[in-house]
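The following pair of complexes shares a single chain, chain A, combined with chain B in the former and chain C in the latter.
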Partner chain A sequence: MIYSIIFGVGVALFGFVLQTSIAGINRKVVARVQKRYGPRWYQEFLDIFKLLSKRSVTHGWIFDFGIIMALGGIIGTAMFMPITQDLIAFANYDNFFIFVYLIAVGSLGMAMSASGSGNPLASIGVMRALTTMLAYEVPFMIVVLTIIKITGTSSVTGIVQFQQLAGNNWFIIALPLGGIVGVMALMGMVGKKPFETYVAPAEIASGPMVEYGGKQLGMLFIMHEITVFIEVSLFVHLFLGGADNILIFIVKYFAVYTTINIISSVYARFKIDQVVMFFYKWPLIMAVTQAFVAIYLGWVI
Partner chain B sequence: MASIELLIIVTALSGVLAFLLGRLNQVLGSVVTILASMFVFISVAYYGYNDALSNAIVFLPFVTFKVTYLGLFFAIIVTFIFAMVSFFNPLFVEKYKYPAAYSMLYLFSLAGVLGVFFTNNFMALFFFFEFVVWTSLFLIPMGTSKRATSSYYAFSTVGSFALLFAIFMMKEASGTFNIVSGMASVNGTEAAIVTVLLAVAAFAKLGAFPFNVWLPRVLGNSPDAISAVFSGGLEKLGAFVAVLAFVKLAPFGYTIDATGLQVSQYIFAALGALTIIFGTLMAIRQDDAKKLLAYSSMSNGGYILIALTIASTVSVAGGLYHVLGHALASTAAFLAIAAVSRQTGTTKMSELGGMIHKMPITYVVYLIAIISMAGIPPMGGFISKWLIFQAVIDKGLILVAIAVFFGSIGSFLYVFRPLASLFLGQELPRYKDKIKEAPVLMLVPMIILAGLIVYTGVFPNFFLDYINNVLVEAGMNVLVLGKYTITGNNGILNPVLIAMSFGVGVVIALIIFVTMKKSKKVGLMDTYTAGNFIYSQELMHYSLDFYAPLERLYAKYINITKDFYKKLESYVVSFGQFIKYYFFTNKPEITVFWIIVLMLVVLWGDLL
Partner chain C sequence: MLSTKFSKMTKEEIDRKWWEIGDFFRRNSLWMLMYCTGCCAIELPPAMTSAYDMERLGMGPMATPRQADVLLVTGYLSLKTLRRLIYTYEQMSEPKYVVGFGSCTINGGVYHDSHAVINQLNQYIPVDVYVAGCMPNTEAVMNGFVDLMDLIKSKKANGWKDYHERYDWYLANQKAALGEVRVHDEFHE
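Now for the complex of A and B:
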């Protein structure tokens, strides 16, 4: 048990290091798209450690407690994430719904802390973040419903195994419409343009993050990196057939994250009601069509 | 050994006692409600759990009792809610116009509830059902609105008549009023009609679509404590009837191949789905915290209905667990709001702010309650939602799943609203020096409820094990439970592990937080405002129309059910006018008209 817990914390740490490095590399990639040079690849690490070491201000106990709950919830979620089929802390318990709902504890903690700062811009940011969540989550869950119904298991490693069996395709190929919805929902989840309405630095001053500095902001950065790790790895496992070894996992992970980053680098930002309208139009129609076709007609490529 | 009959009689008598003492001293009367309802809860839970409740009848005429696992499950939950809420009575009783009658009616409705859950006679069931309606009916107008009462009565009547017709049909088929043989003896078209009638009763009592109009009115306008009782306790009578309608009676229609469900199941599940969507969308746009929680109750009722209509082992277990989880969470949330309402005098979120600084314990209770309501681990609401998701996915109900997921994510939105604008945000100056934490008597039940919410989320197997008895009684397979694990249709859940990993995460975060440099404390007004100078807390507090951009998208459609009932009302009124005009009038021309008709009829008879 103790070993599993330490292993789980190791997964969270691995996720943090991996995502922070890849985010650093991606800053260079996006800079090249925009004809800049961009910072060094380890710039993100420097930022986080500098922030953690600085003295900052607090707006009361809920401001601090929310941060601890946020980071705690996210680390707790990351502990369940499989990297490959063997590299997993708690085998058999990597239920898909844990990732969707335990991650919400983290988000709730952050939202609570942000609202506790008393800054209206933070509350507006939280409002937008929750609205965005309402938008992307439903089409995504319908696609996942299709996947769980086809594979007969909601364990993430079980879904990976199903895709790796001979004769089965990765779900991004087997369920092409669902795969597209998955990519769009992923962009909403990690808050990339055009769905980064809730951060919107030029409009509401980074939204929920507006009041933070020092160690609180540093911890939020760590939380954000691990959140992105959970979301992107979930995509890799659900749609790209997971990975046999850690190297393939990193390659797939890098490919997914870089792709959505490049897509987002050429987009502008949606308004928040446009985000909702967008997701409840084509992605939802595509997700439902895919579900009907796959479940009722049994047409899976 | 404890006799159910005696429990009911003692409860009713202590109601009379509460009335008499309440006439002398209003607080004394409400203290009787605490003692009596705690006594009832402890007896029901203790003797019921040890199979020591007796069915013997000595005093009451026409009534027979039979303890079932199902009835006991509901009875323990609802008496517990009554017992917890009763702690609020002494502190609220001075606000009511008739405090002595309040205490009496409170205990009378508790007695009625016991009768509903334990009787095995349909006429007694109907009697107790009506007894609960009539006693709770007079509790509602002690709040802020009298109109809510008529709305409640109208919809309850629809439910009651449906129940009565169903009872008569079963009596016709079986010849007795016994519940078990009555339900066993109907089949074919009769069974279908009985199912629909019972479903109407269940929907009306749960406040599900299309009988949803009364719920927000009643819960929003009742006295604060009564709202909690309705949401956590009395509404669950609907779930009880729903179990009879959907689980004990076989579904009808033909089988839809793709889902393996009967048509009737699919239709009722679809209505449950509409309940969820309506409740969620309406809850998002409320400004009154109690109304918001009322719509959330409606939406959660939809989950219970969907779970029970699917009627598989996992779904029924999930539905029953949701009854428990939602009763605890929504009562805790309502009580927290009631505490705020008592200290500030309002439940409007746009008029409140920063309550956390003066009422931190109330805040924590509310936080735990909403985490459970939103279905986030490690609270009880997650377990039931997980089971319901499993069942919905297993059947491949795509359209129902949209509603289920929408309601689940939507609940994050609406439960966060009071958190952000009522408890958090700027501390408004008008409350700054006047407000104190709620009195200890109110904190005790809230803390007990919060503790239980966490317990149901971390160690659900104790309760699920009991639910398995209910499933066996209904002739279903049992839910597979390990020591700490739950096995669903397509996965295993280990709630203890989830709670533990969350704890480990929090410890790591705490270590990082503590080891780094200490922060300087600054005021709430000392914030970044993008160069604007804002001097007043009111202007810095974002609480009115919280989800305005989202609300705008569906603002056109919010009155659909209300308009429907308005139209129905106008038809009923015009029909009544028609009747009144032709039958109850003293206009000469109508009298002449009737005389002519009568003569024609007589002549016609003569001709034959």
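Now for the complex of A and C:
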């Protein structure tokens, strides 16, 4: 048990280091898209440690407690994440719904803390984040439930094993419409450009983060990196057939994150009603079509 | 061996070491708050985009004063904007730095005899680096940022400490210009 907990914290730390490095490399990639040179690849680490080294003010205990709750909740979620089939802290506890439930603790902590700051822009940002969540969850859950129906298990490693036993028949290829919906929902989850509405630096002054500075913002950045790690690795496991060893996992992870980053670097921001209308139109139609085709007609490539 | 070396250090020395490590991170990741009051702000878009690309120095624009490290005062300050500038400066989290752009922040520039603007910015808030020129060209702006990094490295960017130590002097100047610094208006209730 003690071993599992230490191992789980190690997984969260691995996720933080991996995602922070890849986010730094991706800042260079985006800079090259915009014909710039770009920052050093470890710039994200410098930013986070700089924030932790600064002094900061507090806006009451709920402001501080919410941050700690968000960071703790996200680290707790990342502890259950399998990296490969064997590299998993709590075997048999990697159910998909565990991630769906636990990841809400982080979001709720951040929402609580942002409301505790008393800034109206923070409340607008939190409201927009929850609305965006409501928009992308519906098509995403339909696709994931289709996958669960096909594989007959909701365990993430079970789904990975199913794909590998079928001869690396990844679900992004086997369910092509569902794969497209998955990519779009992932961009909504990670908060990339067309769906970046709840951050919107020029419009609502970075939304929920508006009152944070110094140490609290640094902890929020760490929380954000681990959240992105959880979301992107879920995509890798559910749609890209997981990984046999850690190197393949890193390659797939890098490919997924770089792809959505390049897509997002050429887009402008949607308004919040456009986000909801977008997700409830094409991705929902595609997801329902995919579920009908895959479950009732049995057409899985 | 290592532990005996550390145990011999006094608390001040350990604090200084930590501060030096913090300074390394702070000078390599300067986040700006652009207070675009005047015409010098037009020099910032080429400095940020592909022409000069300040992101390679680790700098970037930030949305709110709480998140920012450097306050850029780009140009003349009327008395109304000075009050907001003081609010903004006091909201930033320490350590914080100020860069003044153009002649207007140094001695008033072409507006030196106007009744509505202040002439010397460092009478009201401490300024670490001035970038001279009317307006300064983009190379000078980039050079000013590199100068700020060097000042942080050599521990000379101490404006925020000076603001604590000589707050009475700054407050007296602010009151002489504005009358009352904190006014109750509909935005600050």
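Operating definition for what follows: the second predicted complex is superposed on the first by the 298 of 301 C-alpha atoms of A that agree within 3 Å, B and C clash if a C-alpha of one lies under 4 Å from a C-alpha of the other, contacts with A are read in each partner's own complex, and residues count from 1 in each chain.
In this section, a residue touches a chain if its C-beta (ideal position, glycine included) is under 8 Å from a C-beta of that chain, and two chains touch if they have at least 3 such contacts.
Remember, predicted model here, so these are calculated numbers, not experimental data.
When the two structures are aligned on the shared chain, A:205 is found in touch with chain B and with chain C.
Touch criterion met: A:55 reaches chain B and chain C at once. In the superposition on chain A, A:88 contacts neither chain B nor chain C. When both complexes are overlaid on chain A, the residue A:38 reaches chain C alone and has no touch with chain B.
Once chain A of one complex is fitted onto chain A of the other, the partner contacts of A:214 extend to both chain B and chain C.
Counting the residues of chain A that each partner touches, chain B and chain C differ, and the larger count belongs to B. In the superposition on chain A, A:145 contacts chain B only, with no contact to chain C. Contact with chain C, but none with chain B, is seen for A:27 once the two complexes are overlaid on the shared chain. The contact surfaces that chain B and chain C form on chain A in the two complexes overlap at residues 53-57, 205, 210-211, 214. On the chain A side of its complex with chain B, the touching residues are 5, 8-9, 12, 52-62, 64, 67-77, 79-80, 90, 92-93, 95-98, 101-102, 104-105, 108, 111-112, 115-121, 123-124, 126-128, 130-131, 133-134, 137-138, 141-142, 145, 148-149, 152-155, 158, 205, 210-211, 214-216, 218-219, 222, 271-273, 276-277, 284, 288, 291-292, 295-296. Taken together, the chain C residues at the contact with chain A in this complex read 21-22, 25-26, 28-29, 31, 49-50, 53, 55-58, 61-69, 92-95.
Remark: chain B residues 258, 354, 356-357, 360, 363, 367, 371, 374-377, 382, 385-386, 389-390, 392-394, 396, 398-399, 401-402, 405-406, 409-410, 412-413, 416, 419-421, 424-427, 488, 490-494, 497-498, 500-510, 512-513, 516-530, 540-543, 546-547, 549-550, 552-553 touch chain A in the complex.
The residues of chain A lying in touch with chain C in their complex are 27, 31, 34-40, 43, 46-47, 49-50, 53-57, 201-202, 205-206, 209-214, 217.
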